[in-house]
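One chain, chain A, links the two complexes that follow: it is found with chain B in the first and with chain C in the second.
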Partner chain A sequence: MRLGWKELVRRPGRFIATGGALTLIVILLLLLGGLLDGLFNASTGAYRAQTAELIVYSADSRDSLLRSRIDPATEDAIRAIPGVRRVSGTGAVLIAGRVLGGGTVDLAVVGYEAPNRQVPPPPEPGRAYADATLEAEGVALGDTIAIGPSEVPVEVVGWVEDTRYLAQGTLWVEPGTWHEVLVTARPDAALDEDTFQAALVETTDDAEAVAGRIRGQVPGTSPLTIDEAVFALPGVQAQNDTFAQIIGVTFAIAGLVVALFFALVVLERLGLLGMLKAVGASTRQLAAGLITQAVLVALGAFVVGGAISLALAAVVPAEVPVELEVRRAAITGVGVLVTSLIGSAVSFRRIVRIDPASAVGGS
Partner chain B sequence: MPALEMNDVRKVYGSGEQAVVALDHATLRVADDEMVALVGPSGSGKTTLLSIVGGLLQPTAGTVRVGPHEIDEYGPKELTRFRREFVGFVFQGANLVPFLSARENLLIVSELAGGDRRHARRRADQLLEELGLSHRADNTPATLSGGEKQRVAIGRALMNEPELVLFDEPTSALDTKLGEQVMELIRREVKGRGTAAVVVTHDTRMTHFADRAVEITDGRLVA
Partner chain C sequence: MRLALAEMRRAKLRFGLLTGAVALLVFLIIFQQTLASALLGFFTGGLEHQSAEVLVYGEDARRNVEGSLILPGTLERVAAVEGVGTAAPLAENTFTVRAGGELQDAVLFGYELGGPGAPTRLSEGRLAETDGEAVASSVDADNGFGIGDVVEVVPGGHRIRIVGLADDSRFAVLPTLFTSYATFEAASRAANPDARDVQASLIAVHPAPGVEPEALAARITREVDGVEALDRQTAADSLPAVSSISSSFQVVLGLAFVVVVLVTGFFFLILTVQKTQALTLLRAVGASSWYLIRNLALQVALVTVIGVAIASALLAIAAAASSEEFPIEADPGLIATTGGAVLVLALLASLASVRRVARIDPFTATTRPTGGGLA
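Now for the complex of A and B:
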């Protein structure tokens, strides 16, 4: 093990190629992961903010908020299901708005009845809590935004964090204001005053069990857990699967790079390793040296790659939604370490097969 | 007890019609402070003999005893331990670890055995001093001369205070004058420690440094 460490310290040049390749792979993994997280967060914030365990759509909506309708009678029926603590209506409208005295912004106007993790109880009619990302688009506290063709006026009275919906900054308004915006956005889809697109359900029982009861006892509903609803959002599942495959392939490439490098290293040092075996080094000791080197090269690549990724993430344009999260960094670090270990392990068989007798006779 | 006692040892590579007899009923005894030169042409079996005596190869038949160790009965793990603790090797061309200093090349042996570091360092420094290499202790092999490398290799072989030291063509990469100096050094170090040694060489000019020479031809020993 010490031998592996000493070689790494005294001959760093030998490891620069592999370390450099791994560093580039780490940067790619972190930026891909950061992009995935950024896109995911931008699409799903309004759902992830919910304290409710379930969201109930109408059965014919194909689990789409914009197509769903939940009337007061259905809400009452859900409320009567055992294990249901609270039911509140919600809905969203994707629409453009004009900041009075400023430019236009794309918005998701969310109507809601109950507070959640990020958003306080509904404000007064004609007022809204705005997602903090709208600040970058020219919205300021106290601004009035004229929404839709009818220019429904809404005043921004506070900021909320991480509540975006389908990549749009959200305005959180009380139900009356939301219905007004819905009418101006889609006159053909106007809803009765107490009708919402979906019902948020807080439970006192196991959420899956309550969802089963709602599905069985309230006809025409489609209850989903919040996690299920997040992945039912347009494009989220496909986006996650695509990125997961790219990231998986990149990890595999990292393993291959390390495997190839250490295979060459072992091949190049057959004489030295044979001599060490001849003077009493066990296969385990030689393999430990190799593992030490693989781990240290991977760690070094992760540290350097992480620093470069942070610097790159700080200078990418705001339109590119890269978000570097600790969780993603941890997954990448562990992933690179594990693939490096697996890659270096490919050379173990070769080490086992080195004949110590090869050290004598000048071979 | 002799340092080495091998009786009727055979080593056959392959089987059937492809079988090659590398060592044929070889019997050799080396006293505990004796230095024996093993002389023979290429392919005569001297490397095979050295490998069997050093626990690098297992004989096909016969018995091999190094001090109290009956190594022909040892398995791979026991042989690894035997090589680490009870025998010293000096390979052709020194075969040092290129990125370690002279001192560290000696310390490898104790590191592999997991010995006390301070004691190992004292012994390494003492050996380097005795070999006239104190001033080169921190030099890597690339900055040492051929003779100095060979001295470091001798020091490494003596680190574990072995009962038997095996030299594989120690002068093959050196000119005659340097070869003689190295052989003189080997004799001095081996005799000074009362350690037994087997020196494999094809150079008959070097055999007079040994107590006796044993010739090997076609796998057979001739006293």
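Now for the complex of A and C:
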């Protein structure tokens, strides 16, 4: 292992090609992962914020919040199911708003009855908690936003974090204000005063068991766990699957590139390795040196690639929603390390087959 | 040239790994381009391939069809603008429908039959002529949206019969139906009995003869309060997520191109360095620099062409395995363009190796002990 380390320190130029290619692949992987996380977070925050275990849609909505409707009778029926602790109504409308004295912003106005992990209990009518991302769009605390064509006025009274919905910054308002916005913005989607788009259900029992009971006992409903609901949001599952495939192919490329360049490095040193075998070095020692080099090159590529990715993420245009997360970086780091080890293993066979006699007899 | 091929045959592992890496990189590039192109087409097709050359949005819509609402009286004011030939309401919304025996999401465009807003890429059947008929996006024909199929809006049970198919006409990545405005209104009221009113999302405009759509759009925006008018292409390009999808894929594609160039360039450079003694000897026994360079270029070209061929096969497999909801097609034009670009870039990347080969001095063969010469 020391031999591998020393060669790396004394002849770094020999590994520049592998390191450089692997660094670019790390950047590619981190940016792809960052894009996936950015798109996922921007679409799903309002759901991930929920403390309720279940969300219930109407069955014919195909689990689309915007097309679902849960009337008070259905809500009562859900409330009566064993294992249900609390039921609250919610709904959303995607719309633009004009900051008085400022510009226009895209919004998701969310009506809600119960607090969740990120959002306190509903504010007074005509007031809203705003997702913190709206601050970058020119919204400030105390601003009044005129929502929709009828310019329903809503005052921002606080910030909440990570609650975006379908790539829009959210405004969290009490049910009356939400119904008013819905009626004026989408008269075709208007709902009666006590009707919501969906019901959030907190349970005292196993969530999936309660979901099964609701499905069986309340006709016309489609109960989902919050995790299921997140992946039922438009485009989220397809987005995750597509990016997972692209990231998988990129990892395979990383393995091939490492295999390729280490095959060249080993080939270049065949004579030297034969000499080492002749003076007593075992195949295991030589392989350990190779593994050390593969691990160090992968780590170096990860560190440099990570730093460049951070810099790139800071300068990419705002419409590219890259969010670099520690969890994603850890997955990428481990993935690159493992693929590098697998890639370098391709050269083991050549090391095993080195004949020590070649050191004195020529190759 | 035999030299290049013989070397590749004898160093199968090295050239095999390089070809594999290039193949996967090219696959990554063409797969992403195919995905991006399909995704953008499915997002915007319905708007891009309808007949209105100018589309008028509610001012607060921020160019988002789903967020646009045309207030009463606006249609008349737009129709009165000089240069407007025909102006008619165009409505859009997403519905749950039963098609092919299954519940599915579908977009409905409601337009005044015979007016602006009709699909322009009719590939089979005919346009809707009465209420209750529709043209569907052709890519969804086998999924319950074929000619003669009846689609039922859920809830409410409003029925729409498919009478035609239009290519490249999906919207928001969903099956899309173009039907009469009255059918749209009826479907909306059936789906939501609480609906207070059904209003148009946009105003579809045909310019008068000789009027440029861009100029007319600017005039409508200027002269009518509370609206923003756009020509058709600008409207399609301005849809939410279009610029975000394009920019995101461009960043990733740019990086993938850099990786393929770097890997190919470094590989041949290292190989040339490793072969310097042999190449020197070849020069000493009469091989010209041009001969060696041609062999190098042939190897680069072969690796790239085989890599592109493997990548194309992988793309064909991916296209065959793609889902009915998001079908992708391997586009030969895209493969040829990308393959050509990768080949040119790979040849450019091998210039460092070419330079090294060109600078080999045959005389040094006589001064290298390892090459058989005298120090």
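We take it that the second predicted complex is superposed on the first by the 362 of 363 C-alpha atoms of A that agree within 3 Å, B and C clash if a C-alpha of one lies under 4 Å from a C-alpha of the other, contacts with A are read in each partner's own complex, and residues count from 1 in each chain.
Simple rule for what comes next: contacts are C-beta pairs under 8 Å (C-beta built on N, C-alpha and C of every residue); 3 or more make two chains touch, one makes a residue touch a chain.
Keep in mind that what you see is a predicted model, and the values were worked out from it rather than measured.
S.K.: For the overlay on chain A, clash or fit between chain B and chain C?
M.R.: With chain A as the common anchor, chain B and chain C both fit in the superposed model.
S.K.: Once the two complexes are aligned on chain A, which partner has more residues of chain A within touching range, chain B or chain C?
M.R.: On the superposition, C touches more of the residues of chain A.
S.K.: For A:Glu7, using the defined touch cut-off, is the partner it touches chain B, chain C, both, or neither? Pick first, second, both or neither.
M.R.: first
S.K.: Anyone got the angle at chain A's C-alpha centre between chain B and chain C, nearest 10 degrees?
M.R.: 90
S.K.: Which partner does A:Leu273 contact after superposing on A: first (chain B), second (chain C), both, neither?
M.R.: In the superposed model, A:Leu273 contacts neither chain B nor chain C.
S.K.: What is the contact status of A:Pro356 with respect to chain B (first) and chain C (second): first, second, both, or neither?
M.R.: first
S.K.: Which partner does A:Leu191 contact after superposing on A: first (chain B), second (chain C), both, neither?
M.R.: It touches chain C, and chain B stays clear.
S.K.: I'd like to know which partner A:Thr242 touches here: chain B for first, chain C for second, both or neither.
M.R.: second
S.K.: Using the touch definition from the top, say if A:Ser282 reaches chain B (first), chain C (second), both or neither.
M.R.: In the superposition, A:Ser282 contacts chain B only.
S.K.: For the combined overlay, can you note the least CA distance between chain B and chain C, rounded to whole Å?
M.R.: 9
S.K.: What does chain A use to touch chain B in their complex?
M.R.: Residues of chain A touching chain B: 2-3, 6-7, 10-11, 271-272, 275-282, 285, 355-357, 359-362.
S.K.: Across the complex, what residues on chain C touch chain A?
M.R.: Going through chain C, the ones touching chain A are 13-14, 17-18, 20-21, 24-25, 27-28, 31-32, 35, 58, 60-62, 64, 66-67, 69, 71, 93-96, 103-105, 154-155, 173, 188, 191-192, 194-199, 226, 240-241, 243-244, 247-248, 251-252, 255-256, 258-259, 262-263, 266-267, 269-271, 274, 325-326.
S.K.: In the complex formed with chain C, which residues of chain A make contact?
M.R.: Touching chain C from chain A are residues 17, 20-21, 24-25, 27-28, 31-32, 35, 60-62, 64, 66-67, 69, 94-98, 104, 106, 148-149, 167, 183, 185-192, 195, 235, 238, 242, 245-246, 249-250, 252-253, 256-257, 259-261, 263-264, 267-268, 316-317, 319-321, 346.
S.K.: Across the complex, what residues on chain B touch chain A?
M.R.: Residues in contact with chain A: 47, 50-51, 54, 56-57, 77, 80-81, 83-85, 89, 91-93, 95, 97-100, 104, 108-109, 111-113, 156, 168-169, 172.
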